[in-house]
């Protein structure tokens, strides 16, 4: 079980290798990688800024990992989430789960990602090539208001 | 959409990079990696041999990919499955799916893996450190018989 | 007197122009909901920053807390818009 | 005469000691099921290799086919135990 909140990018190969060192009986590894999209609602993105709440964020990621290990038999988990300035195409987050069987690895990975999205204290601010920028939460609300 | 049946190992980083070249608007990439386990039913594995049916295997992987692209909006898929002699810990198969959203990437990846398992014409023969070896299908039947 | 350090994040931090603030919690402000409505009454900037549609949430001791959570024992309370990580 | 090339894979190939065989399909052997039971009657080795618990499956033109599929137009039929890839 490991989690990292960091500015720098990460190497998926390296993380998978570290995961496999944890147990010789891993049969399935699922990774989810979230990336900065090139455009949002048709608007070209120039940059994403990620803010986080030091202390609580790490505590929340740990709680999520603990919950996952109680629900599935997992041999290893790693969560890496970046903060600071990111460019389109950059990796934002990776969740990797390793298990003897495929279903546990898939279900745990989805559980962890859903909870990282709902509970991990990160906030995204998107800047667009047209000079505009806004916090994703506002955009979501605006987006929902537009759809009504 | 790409699929490879090959003897040699593959590099997950390299495959992810190729996937991201396919579209600038990828938000989520899910990879499933299946590996040779160290032991099976408590027996230490020494080697796995994978046989496949050239021609039909590739055709079946292509059919599975086509079905996935009809069911989910995916920007890229890659399936890599190895054959020949593999050691414990070696990668056997990788399925990677890229989409704008997380759910499509996850669901498509599971769909593809389930179908690769049920339909792709590969057969595994496991050799154990105690000198025994058997085809996985027989082991499955023996295993099920044991459990009755 | 109940002195509390408030931490502000993301769009709330930008709207208020500050990332933290030490405040004296007035009598009768016992829950997170009380705290948010008190913030609204402070001035126009706070009123807009804490308006209902902003869905401001709180955390105490590195844990999410609901709006009816008691704040009377907290010495630090984080306030922020809905999280958008992952 | 209906000549067919049979391909054998995995444990079936090992049980029969060969990976393929050209056979003349006798009259009345019209479906995959007919083909499997004909194989069983050939000799003891074939009978064991094609016994029901082996769950031998077939493919024609690179497609899985069910046991009641017609084989009368096939010039190549693959026969194999359940697949165990992935």
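Per-chain numbering from 1; labels A, B, C and D assigned in written order.
Methods note: a contact is a pair of C-beta atoms (placed from the backbone, for glycine too) under 8 Å apart; a residue touches a chain by one contact, two chains touch by 3 or more.
Quantities reported herein were computed from a predicted structural model and do not represent experimental measurements.
A.B. asks: Listed by label, which chains are in contact with chain B and with chain D?
C.D. replies: none
A.B. asks: For chain A and chain D, what's the span in angstrom between their mean Cα positions?
C.D. replies: Comparing mean C-alpha positions, chain D is 49 Å from chain A.
A.B. asks: So what's the Cα centroid distance for chain A and chain C, whole Å?
C.D. replies: About 26 Å, centre to centre.
A.B. asks: When the C-alpha atoms of chain C and chain D are each averaged to a single point, how far apart are the two points in Å?
C.D. replies: Comparing mean C-alpha positions, chain D is 73 Å from chain C.
A.B. asks: If a residue has to touch 2 or more other chains to count, which residues of chain D qualify?
C.D. replies: Within chain D, the residues that touch at least two other chains are 86.
A.B. asks: In chain A, which residues are in touch with two or more of the other chains?
C.D. replies: Answer for chain A, listing residues that touch two or more other chains: 34, 102, 113.
A.B. asks: Can you give me every chain pair that touches, using the contact definition above?
C.D. replies: Per the contact definition above, the touching pairs are A-B, A-C, B-D.
A.B. asks: Applying the document's contact rule, which stretches of chain A touch chain C when the two form their complex?
C.D. replies: 34, 50-53, 55-56, 59-60, 81, 92-93, 113, 116-125, 135-138, 140-141
A.B. asks: Okay, in this complex, where on chain A does chain B touch?
C.D. replies: Contacts found on chain A: 11-13, 16, 20, 23-35, 37-39, 88-89, 100, 102, 105-106, 109-110, 113.
A.B. asks: Any idea which chain C residues touch chain A in the complex?
C.D. replies: Chain C reaches chain A through residues 7, 9-11, 13-14, 53, 55, 59, 62-64, 78, 80-86.
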